[in-house]
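Below is one structure, written out as structure tokens; the observations come after it.
Every chain is named by a letter (A, B, C and D) in the order it is written, and numbering of its residues begins at 1.
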Amino acid sequence: MLIVMDKTASEAEIAAVVAKIEALGYTAQTIPGGERMAIGILRNPGPVDPALFIDLPGVIEAIPVSRSYKLVSREMKRENSIIVLPQGVKIGGGHFVVMAGPCAVESELQAFTIARAVKAAGAQVFRGGAFKPRTSPYSYQGLEEEGLKILARVRDEIGLPVITEAIDHYSLDLVEQYADIIQIGARNMQNFSLLRRAGQARKPVLLKRGMSATLDEFFMAAEYILAEGNTQVILCERGIRGIGAHARNTLDLAAIPYVKKESHLPIIADPSHAAGRRLLVPPLARGAVAVGADGLIIEVHHDPTHALSDGPQSLYPEQFAALMRDIQTLRPGQWL
Amino acid sequence: MLIVMDKTASEAEIAAVVAKIEALGYTAQTIPGGERMAIGILRNPGPVDPALFIDLPGVIEAIPVSRSYKLVSREMKRENSIIVLPQGVKIGGGHFVVMAGPCAVESELQAFTIARAVKAAGAQVFRGGAFKPRTSPYSYQGLEEEGLKILARVRDEIGLPVITEAIDHYSLDLVEQYADIIQIGARNMQNFSLLRRAGQARKPVLLKRGMSATLDEFFMAAEYILAEGNTQVILCERGIRGIGAHARNTLDLAAIPYVKKESHLPIIADPSHAAGRRLLVPPLARGAVAVGADGLIIEVHHDPTHALSDGPQSLYPEQFAALMRDIQTLRPGQWL
Amino acid sequence: MLIVMDKTASEAEIAAVVAKIEALGYTAQTIPGGERMAIGILRNPGPVDPALFIDLPGVIEAIPVSRSYKLVSREMKRENSIIVLPQGVKIGGGHFVVMAGPCAVESELQAFTIARAVKAAGAQVFRGGAFKPRTSPYSYQGLEEEGLKILARVRDEIGLPVITEAIDHYSLDLVEQYADIIQIGARNMQNFSLLRRAGQARKPVLLKRGMSATLDEFFMAAEYILAEGNTQVILCERGIRGIGAHARNTLDLAAIPYVKKESHLPIIADPSHAAGRRLLVPPLARGAVAVGADGLIIEVHHDPTHALSDGPQSLYPEQFAALMRDIQTLRPGQWL
Amino acid sequence: MLIVMDKTASEAEIAAVVAKIEALGYTAQTIPGGERMAIGILRNPGPVDPALFIDLPGVIEAIPVSRSYKLVSREMKRENSIIVLPQGVKIGGGHFVVMAGPCAVESELQAFTIARAVKAAGAQVFRGGAFKPRTSPYSYQGLEEEGLKILARVRDEIGLPVITEAIDHYSLDLVEQYADIIQIGARNMQNFSLLRRAGQARKPVLLKRGMSATLDEFFMAAEYILAEGNTQVILCERGIRGIGAHARNTLDLAAIPYVKKESHLPIIADPSHAAGRRLLVPPLARGAVAVGADGLIIEVHHDPTHALSDGPQSLYPEQFAALMRDIQTLRPGQWL
């Protein structure tokens, strides 16, 4: 923490800041500048809240210096983390992954139809929701455990590891049993109770960035999972609140190289939820590959007109296959 | 839903849109305009997803017409809902309420000290967190059930009803037993599983607006609670992501008259979390009264320097008392 | 500027940062902390761009310390600036002003009708656009110099000083001749060429905050005007891009007490443009008074259905009169 | 425009809406739905402001239907516009362009050094500012006409067409004489007076999207230029206000395929200003190519430490050359 004083701050005001720092048990170091005094806080075991100082007389700014996150940071672990799934699929460190499937598992026939199509096109993980977080209580809410059983059969018969979302402790207990990756959705990125529970799971966790989360907040959410002992975390950029209505959200592709610089965890992109409409999914998917994402998670449906959720942003299987071919030309996994 | 066609849309493209509407089981009505055709969707039982149509050939826009929310709407219930608490405190319909207390309950002594001060200044409800949702896993997380017991003693001995936050099913079970109002925080506004559980509670629920939620999403979150049978919902505006760093969030005071027009539910404001610093709390509190809020929830601490959380935005008791006097001059509850 | 090093930064990396600081002609001071090194930059005559350092090896953050603005700052001038208009109207330092009138001057009859009404209700300044910045080239663009002449006649016959917008050098030359306050609109807040020209004018300038401007950027825009020698600047908060569609923009009322803390310049609020609809204008106007604004600028039209621009957000004269009565109960100018 | 009525709207309220539509000279058509009445507005020559209706009794929503932009729309012109520069450089319709050079022209030596480097790496247009819009009045403001003369010499001797920014009428007069493309910056996107002047120029115009502009507003700004007769407009996405501080702005890559669907004008991306730091420029540049941009504009400096502006986001010539090689693998111009 650095406390910046007003040019006209009195010696008494400076002394009061120093006294407060020392009252908190830290060490204060005054740093005289050209025009004004600054005061550094040393020997603080963790971050200090700037708001403790900003309204003191003579203070014009209080600037945090330390990072709040530890375990997710490259300062803690230099080399890229690589998540290894059943069937040998690897994610991160140059291993590029595509997860694809419907928004929601609707039936065994639907799931198998789509799973076969996405596998044929080259997807390595099958996605499908069994517990759906929906804006409206009147919307389709998912098949719940029956959906998880269908996912398990897809994995066993088709040979794709499966990812599905948990929305509370109850569903996480079930998802942990059936799935290969536990997804935590954007709306739950700061559901800290759920994050802790995911941290106790023995399966990898895909954590989506919240719609208005800073990357620091995103890292801190992941930190909750790692702090409970689960280091198998995959981050996912899925779009933030933007300006205008041309897309549902704004896919923040700058987040990807930034996360890769700051953290050892892999990060993938979800162009489907960011776009909200089919037209924009393939270009955003290509863009994510080209900025260096470690993978993609994409919604695909063989009959999106009748999909029970998110049909409009789901690719047709042939569009997905074309996208997979396009992606190959973009050197996925090579952009570090 | 209204589907707007390109000026140059062919008859075949128009027919395809009509056919899709009818395939979904609805009725299509073409509406020829000056320059272009529009197609209305009728007899849809609920909202139709615009994305079903926007990428069809010849379509340039698909515009939702229906409201998604029902139970929270003034279309459903014209008169203002009034929430009645133990000790006779009323909220809404001209009854203005001030809830005040520390961010977190830290000890019996702390809670009683602050409760006595805020009661003396005129607060009608005591607030204090026992389960704290914190951005960092390393921050203070609250006294949990011990905190709830302290809150219950405050109510019994000092005579103020109490409000405290629930962050998951486990804590909601406990909060429901001990508190008079169950608070759902901004980060859990779309934790739908928790909203359903709150809807099954027999206590009033204070629901905070999420940091990047539209008012439609806010209403739909409240709809989850009402749809489970709990109609005692108080809404709370607490600030959205803004621009710049002068305040932590931007208190969206226009939301208050808009909510009062659209919904029968009471809405209060939380200037403390929006401001993030003491300096801005009194002016924002006064502003909220003047736009017509049904109440305020304000953080107060007798020793904010040593508060375990949110000290910097907590008012000193004497500042709170001064604010309460100021508020009286602003005709609280009279601005409909 | 404070440069924060990675915990694992090598001595060579630290030395390289120091060398770069010295190459720029400044002084470097190393500040060893608990876990990591920080390096302060001293004797820099003005702000240093953090981006000069953030991508150097071993650097994790570069934090600006100085304020960029000087003349607008309370560090430069402690007492409130008070702007004095012809007819003795004062703005700032406890002098509360209401400016009211139509969005655009449409005719002499229209202007006089509205001016008489707003004067009768207590407005002290008449507003009306002669040069209109419109999103569409096909929208009404204003009466230009003819409108300015009408404004001048309003002032002479009715006795209200007038404010009107300049949108380029040409119109500013004219506005400076005819009006009492020169308005610079939100879309021109960073039209630096126009700001310089306004700084050379001998009339007060009302500067509106840009729709996505931080307060630092807002201060810097005002600094352009003061740096040219015109110290008669009135700031105006008029809403930033928000979330959802309930209002056109989000009036950022926290900006008002923050500006008053940081700057000696008066700041007023424009609830009409923020709201975009009549319903929200009176509550936002009251809110602005209660947070401590030095005044309001409000659109009023006697026949808004036929207004050539902004009719829907214009108050009827009787609504404006009611609002003026309400405002009196809110102690305008007393909230410092 | 579609007016949606409350479920409980009375016949008199519906009749009042119809009467208002007819009073405006348009035709009203009632559209009875399942639960509520809607009223369409027909025969309106241009867009109708929704705010004219939203606050009438019984109205719950007023929904615009028409597009406001005409000349920029694909409805007006189906085929892609291709801009042809001197030396035969083409932009749009599959012709991919890279514009590169320093933020500001600082000297003849600097300009020629960088121009030779970017030409050798494959850039087809040289960029360099002579008139600089700077947030602070105390920052470097450019060489003005002397800078334009240097640019002209670069073109004549090195053979690259040049692009440079105009910030007002005065500088546009000069830029039009010396440069091959006139740039209008993000802060001037709604400087309508300048847009009109650019529309009268006989040179192509590069128009940057404002930092908080919707795409509709961006199209309308371009419409100003086309409406004056200049159809040679290149759009440029350069980032919007985002969340957090990892990048200066959020490059909205979804805008690119959307613009290409809606408009015939070419659109390029500016990763340098979006990123604000060198580290993020190459990944964002690659991302823009992969989503289908028609080109890039990139800042390059041979000695960014001593650059007078924007040094930190400028690539070194060898980084730029590497990026140009990377781009070739991404099939620029092929992603429609």
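FYI, contacts are C-beta pairs under 8 Å (C-beta built on N, C-alpha and C of every residue); 3 or more make two chains touch, one makes a residue touch a chain.
Please read all numbers here as calculations on a predicted model, not as lab measurements.
The chain pair with more C-beta contacts between its two chains, of B-C and A-C, is B-C.
Of all chains, the one whose Cα centroid sits at the greatest distance from that of chain C is A.
Chain geometry summary: the mean Cα position of chain B and that of chain C are 30 Å apart.
Centre-to-centre, using mean CA coordinates, chain A is 37 Å away from chain C. Within chain D, the positions touching two or more other chains are listed as 212, 240-241, 243, 279. Taken in their complex, chain D has these residues touching chain C: 20, 23-24, 46-47, 49-52, 54-55, 68, 133-138, 167-171, 187-188, 190-194, 196, 211-212, 217, 220, 223-224, 227, 240-241, 276-279, 305, 311-313. Partner chain C is touched in their complex by these residues of chain A: 2, 4, 6-8, 29, 31-36, 38, 40, 42-45, 60-61, 63, 65-67, 75, 241, 243. Across the complex, chain D is touched by residues 212-216, 240-247, 250-258, 261, 274-275, 279-280, 283-284, 286-292, 329-331, 335 of chain A.
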